[in-house]
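Two complexes are shown next, each including chain A; its partner changes from chain B in the first to chain C in the second.
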Partner chain A sequence: MRKYAALVWSVALNSFLEGARSRFFTMFAVFAFTAVYASVLAGVMAVDQEERLLGDFGLLLTELTTLAYLLFNASSSLLREAETKTIYLVFSRPVPRWAYLAGKLAGALLTGAMMLLLMGAIHLSLLYFRGFGLPPFYGWALAGIFLKLCVIVSFAFFVSLFSTSAVSTLVISAIMWTLGHFAAEARFLAEEAAGFKGLLLGLLINLVPNLQLFNARDAAGAAGALPASVLLPAAAWTLACYLAGLWLLSRKEF
Partner chain B sequence: MRSRGYGLPAAALLCWAAGAWAGASYRAPFPPPSEMRAPLDGAGGDMLALALGARRAFADLWFVRLLQYYGRREVSEVSDQPGHETHRHRVDEHGHVHCDHGANYGKGDYPRFLPMARHVLEVDPSFTAACLYGAGSLAFNMERPAEAEELLNYGLKYSPKEWKYLTVLAAIGYSKAQDPAAVAEAIKPLLREPDCPVMLKQLAAFLNKRAGNYAAAAAIYADILATSRDEFYLRNAERELRKLARGPGARP
Partner chain C sequence: MKHAVSFAGVGKTYRRPGLLGARYHTALTDVSFELPAGEVTGLLGLNGAGKTTIMKLITGLLFPDAGKIRVFGHSPSDEAAKARVGFLPELPYFPPQLKPADALAYYGRLSGLSGAALAAAVEDAMRKTGLEPHAGKRVSEFSKGMLQRLGLAQALLHSPDLLVLDEPVSGLDPLAIHDIRSLLAGLNSEGRAIFLSSHSISEVEKLCSRVLIMVRGTLARTVKRQEWEASPAGLEGIFVEAVR
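So, the complex of A and B:
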C-alpha cells in the first residue's frame, strides 16, 4: 500500500512541479495587477461599500484565475504526455494506470490549493493595505472554491480522455461549470414545470453537479455557508469522474 | 490493468448518483429566477451573475450603478456663496435666508431608483446595506415612504430576522406621523452597526440637531468623520462639527 502511495505521490509531485514551472507565476502577476486595479476603481465607485466590493471581486478573481489555469492544465496534460510519448516511459515502469491518473489529479489539485493560498494571501494583504480586516467568511469561501475545483478538474481529466483536442475539453468543462451554477435555478424550473416536461428536466438536472452547493463565496450572507454535508457530494462527483476517466484510460493502448 | 468490463463505469454512475442524491435537498438562499426583474440593459449581467455563481459581485456592481444614478443631480441646488455651491438655501416666511447645509441633498424624482434598488436585492438578498440605503433614501430624501416600505418588505422576505429593516420601518412610521425626534430615536441603534449607510447617520445627526440634542449630533458627525469615505458627507460633517463647536445656533 505504501509503495502505491509513494507512486501516486511521485506522479502528483512531478505534475505539481511541472505546473509551477510553466504559467504559474504569470497567473499571479495577472491576478495581482487586476486586483490592484480593481481596488482603485472600487475605492472611487463603491464609497462606503469598498470593503465588500474588494472582498467579493478578489474572491471571484481568485476562483476564475485558478479555474482557468487548472482547466488548461487538466485538458492538455494527458494529451501532451501522449503526444510527446512521455506516457510510454511512465507505463514502461511498474506504475498502475489508476496510480498515474490519481497522481495527475492530485498534482493538479495540489497546484490549485497552492494557487488559492497564495492568491488569498495577496488578496488579504491588499485588503489590509486598504485598511480592512479579514472578511468573516473568507476561509469558508476558499474551501468552497477548492471543492468546486475538485469536481470540475476531475471532470476535465475525464473529458480529456475522450475528446480530440484540449480546446474541446476546455469548452465542455467550462460549459459544465456554468451549468453547475445554474443547477438551483434549473431545479426551480423543473418544480414549476408540470407533467412529463418537469419529470424529464428533474432527471436531467442530476447529470449536472450542483456547484452552488459549494458556493460559500456567494452565500456568505446566508447562515451556514458551507455545511459539512457538502463534502459527500463533492467526494462522490470527484470519484465518479475519476472512475470514468480510469475506465477510458484502461481501454487505451499505450 | 486493461479493463474491458463495465465495473468501472457502473461504479462511476453509482458515485455520480450518490452525489446527486446527497445534494438534492439543497435549496439556494436566493430569490427564484421568476422574481428577477432585470432591466433590459442589465439582463446580460444577470446571466453572468448566475453562470459564474457570482451574485454577490454583480449585486455590488448594481449597487454602484444605483449610487451613480442617484448621484446625478436632478434638482438644481446652487448658491453663489463660497462653500455653499452644492446646495440651495431655504427662505422662511419672514424672508430670512437659512442654510441647512445639504438638507435638500438627494431630493428629486429618480423614477428608476426603486426598481434598481430592488434589483440589487433580487440578485443578492443578503446585501443589507443596500436595502437600508435604498429605503432610507426613498423615505427620507425623496419622501416616498410607500416605496421604501415595499423595498424593506422585499428585504424582509429573504431576511425575516433582520432587525435593521424593522427599525427603519418604524422610523418611516414616525416620519409619516411628523415626529422627527422619534425618527432620530428609532434609528439610533442602527448607527452603531458597521453596515449602517452614512446617509442614515447624516439624517440622525440632522434630526438631533434640530431637536436641540447638540451633543448627540456632534457625536454622530464625529462618527461619520471617523468611518465614512464619502467626500460629501465628510465635508458636511467637518463643517457641522465646526459650527457646533462655535456654539448651537451659530451661523455658518
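So, the complex of A and C:
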C-alpha cells in the first residue's frame, strides 16, 4: 500500500509543480490580483455596504479565477500528456492507471488549494487596507469553494477522457458548474412538471451535483459555518467522477 | 532458451470513430515471434508496417485484439512485466523547465525507486548516457541528441532486463549515433535484451543478432546475422526483397 501511496504522491507532486510553474498560473494570479483590487471602485460606490460588497466580490473573483484556471488545467492535462507522449513513459512503467488518475486529480486540487490561499491573501490584504477585519465566514467560504472545485475538477478529468478537445471539456465542465448552481430551482421545476417530463427532469437532476450546498455565504446566514454533512455529497460526487474517469482510462489505448 | 517476449497469433485493429460510423485499420495480422532474453533484435519495416504497434503492445500501451503476448511470462499490462521493461518512444518529450536529474528522478519514483537507490540510479543513468556534463542545463537547452540520451536514461533507471527502443537513432548526428550504439552494445553485454526499431538498415546490421521484417502488418521474415552476412546483398538486399 505504501508503494501505491508513493506513486500517487509522485504523480500529484509532479502535476502540482507543473501547474504552479505554468505561465498561465502567473497570468491568472495577476489577473485575479488586478480584479480584486479593482473591486475597490465598486466598493466606493456601495457607500455604507462597502465591507459586504468587497467581501462578496472578492470571494466571487476568487472562486471564478480558481475555477477557470483549474478547468483549463484539468481539461488539457491528460490530453497534453497523450499528445507529447509523456504518458508513454508513465504507463510503460508499473504505474496502475487508478494511481495515475488519483495523482493527477490530487495534483490539480493541490494547485487549486494553493491558488485559493494566494487569492485569499490578496483579498484579505485589500480588506485590511480598507480598514475592514476578517469576515467571520471567510475560512468556511474558502472551504466551500474548495469542495466545489473537488467536484467540478474530477468531473473535468472524466470528460477529458472522452472529449476530443480541451475546449469541449472546458465548455461541458463550465456548463455543469453553472447547472450545479441552479439545482434547487431545477428540482422545483421537476416537482412542478407532470408526467414523463417531470420524471425525465427528475432523473437528469440527479446527474447534476448540487453546488449550492457548498456556498458558505448561504449557510452562514443560518449557522455561520458549512455543516459537516456537505462533505458527504462532495466526496460522493468526486468519487463518482473519479470512478467513471477510471473506467474510461482503464480501457484507453495510447 | 528463455524468451523475453513472445507473440502468438497477435492481431491489432485500430478503430477511428467518425461522424458517419467508425473506420477500421488493421495494423497487425497473425504476428508470431519470440525475442530471446539477452539478445539484440531489430525490427525493420516501411512506414505503417506495424513496428510502433508491436512496441506499444509489448509495453502495455495498446491491447491486442487477437492472439497472446507474454513479457517474461506475464501479460504486458502486469506490473511484474512492466518492472522488467524499459521503453524509449520515438521523440520523447520532457518538460523544458526541468533539469535532467529532476526529470529522471520523477520517472525513477514511478519505477518504484526512492531515497539513496533513486539517487544512485539517476547518477548511473546519467553517467551511462553521457549526460553528466550537461547536468546543470535545462531540458529546453538540450539538442535532439541530448534529448534522445535523456530518453534512454529514463528507460535505464530501473535496470530493466528488456529495452524496447522505438527509432533510437532517428535524426541524430553521426557522433551521437556512434555514442548510442556503443551504449547499447554495452548494455547488451550486461545481459539485457534489446528490441529496437529503425529505418536505418546499417544501424540494425551493426547492432542486432536477429532482425524481424514487417510488411503491411505481417511478419514477412526473421533473419539471423549469419544469414545476412552470408548473403551477397547483405541485410539491405534481404529487406528490399521482403518488402517489394
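The rule we apply is simple: the second predicted complex is superposed on the first by the 230 of 254 C-alpha atoms of A that agree within 3 Å, B and C clash if a C-alpha of one lies under 4 Å from a C-alpha of the other, contacts with A are read in each partner's own complex, and residues count from 1 in each chain.
Definition applied: a residue touches a chain if its C-beta (ideal position, glycine included) is under 8 Å from a C-beta of that chain, and two chains touch if they have at least 3 such contacts.
Owing to the predicted nature of the structure, the values given are computational and were not obtained by experimental measurement.
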So, after the overlay on chain A, do chain B and chain C clash or fit? They fit
Max touched-residue count on chain A (chain B vs chain C) belongs to chain B
Based on the superposed arrangement, let me know which partner A:96 touches: chain B (first), chain C (second), both, or neither? both
Touching A:213 in the superposition: chain B (first), chain C (second), both, neither? first
| Does the superposition put A:53 against chain B (first), chain C (second), both, or neither? | first
Distance floor for C-alpha atoms, chain B against chain C, superposed on A, in Å, equals 6
Chain A residues contacting chain B in one complex and chain C in the other 96
Given the complex, residues on chain A that touch chain C span 3, 6-7, 10-11, 14, 18, 21, 84-86, 88-96, 253-254
Note: in the complex, chain C contacts chain A through residues 56, 59-63, 79-80, 82-83, 85, 87, 89-95, 97, 106-107, 109-112, 114, 154, 158, 164
Within their complex, chain B touches chain A through residues 1-4, 8-9, 11-20, 22-24, 26-30, 32-34, 50-57, 60, 63-64, 67-68, 124-130, 197-198, 228-230
Listed in rising order, chain A residues that touch chain B in their complex are 43, 45-50, 52-53, 56-57, 60, 64, 96-98, 178, 181-182, 184-185, 188-189, 192, 205-206, 209-213, 215, 217-222, 229-230, 232-237, 239-241, 243-244, 246-247, 250-251
